[in-house]
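These notes are about the structure you will find just below.
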Amino acid sequence: MPLIRIDAIKGRSKDEVRGVLDAAHRAMLAAFKVPQRDRYQIYHEHDAAHVIAEDTGLGIERSANLLIFTVVSRPRDERMKLAFYEGLCAELKSSCGIESSDVIVSIATNSDADWSFGGGRAQFITGEL
Amino acid sequence: MPLIRIDAIKGRSKDEVRGVLDAAHRAMLAAFKVPQRDRYQIYHEHDAAHVIAEDTGLGIERSANLLIFTVVSRPRDERMKLAFYEGLCAELKSSCGIESSDVIVSIATNSDADWSFGGGRAQFITGEL
Amino acid sequence: MPLIRIDAIKGRSKDEVRGVLDAAHRAMLAAFKVPQRDRYQIYHEHDAAHVIAEDTGLGIERSANLLIFTVVSRPRDERMKLAFYEGLCAELKSSCGIESSDVIVSIATNSDADWSFGGGRAQFITGEL
């Protein structure tokens, strides 16, 4: 936890995908202060025609580099979320050359009992985490 | 926002997929009163064997046209949600020939701080939206 | 409802996928006490390089059998969730040979008005369910 789902247009090499995932994880470590191995990421590739991301009138132009991040996490305060948005864009720009205009994020919140990381146990409830 | 994920069985042409996405957006505009360019849609194609949608005993028959819509949005009142279900089915029927028996929707709610539409900023918090 | 999204590494046969879906449904029936036909499941296949699931320091080793379950449901009490985690792992082990170290679950909660199972109606609101 958090679990991060990333929706993207097809076309990145395996190394480029890894770069995106690594950048997202660095941003998560810095903003949410999670443990190093608290890393759960799923990258979905789509045909360009299967993803539409406009801009709610904000004047943001998207490119084929578009990334939509959907994060599920236990509650995080607003400051942490804002830090994640900023840090994610900074990491993606510096290590992958992806512009912040191509980075969309949506976060959803759940709770301690909503996670099992393996073994059929809810580790936030058992005290293992 | 809202972000709409659509899970479907493989087989639609590019134009048919576009028709589904356009119909969903018209329904969203009408029901949730969002701005015209508040459009974020991801269409997932699956093998038929990878999607199972029964009917909780309601007596609804599904076809290969099945569409499962998963919507993430800031809070919307019940009336808006009901209007979306109705309007979505009406739009899909009239413009795509898809029966309402093939339309499943699940909505999840998040909050202002949970969205960044680009630029690393949370536009509902900054006042840009 | 619940809607279960399953993210997995490519490589299972159609029968093996069906086995996973059936096991998950048996676990859901037993833990959440849902009706037999309350079954909504989506199985996503990914390249191995597109899914990263570490262990938050718990010392859990993942294999190519890894399964990440993302469940959306109306509220369920903690006891039901814990029963689902346990039962899911038991079913996957006994019927598919999948170890519990390969089973991750994340649950998100929504409410009655958030579901339409077809026909453009919200069946938990109309009284049909």
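Labels for the chains are A, B and C, by order of writing; each one numbers its residues from 1.
Note that a contact is a pair of C-beta atoms (placed from the backbone, for glycine too) under 8 Å apart; a residue touches a chain by one contact, two chains touch by 3 or more.
The structure presented is a predicted model; accordingly, all values stated were derived computationally and were not measured.
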| item | value |
| --- | --- |
| Same vs different contact residues, chain A with chain B, by half of numbers used | different |
| Cα superposition of chain A on its sequence copy chain C - rotation in ° rounded to nearest 5 | 120 |
| CA centroid of chain A to CA centroid of chain B, Å | 21 |
| Per-residue multi-chain contacts in chain C, two or more chains | 44, 108 |
| Interface residues, chain B side, partner chain C - complex | 7, 44, 46-47, 49-58, 60, 62, 68, 70, 78, 81-82, 85-90, 100-109 |
| Residues of chain B defined as touching chain A within the complex | 1, 3, 14, 17-18, 21, 25, 34-45, 72, 108, 110, 113-123, 125, 128-129 |
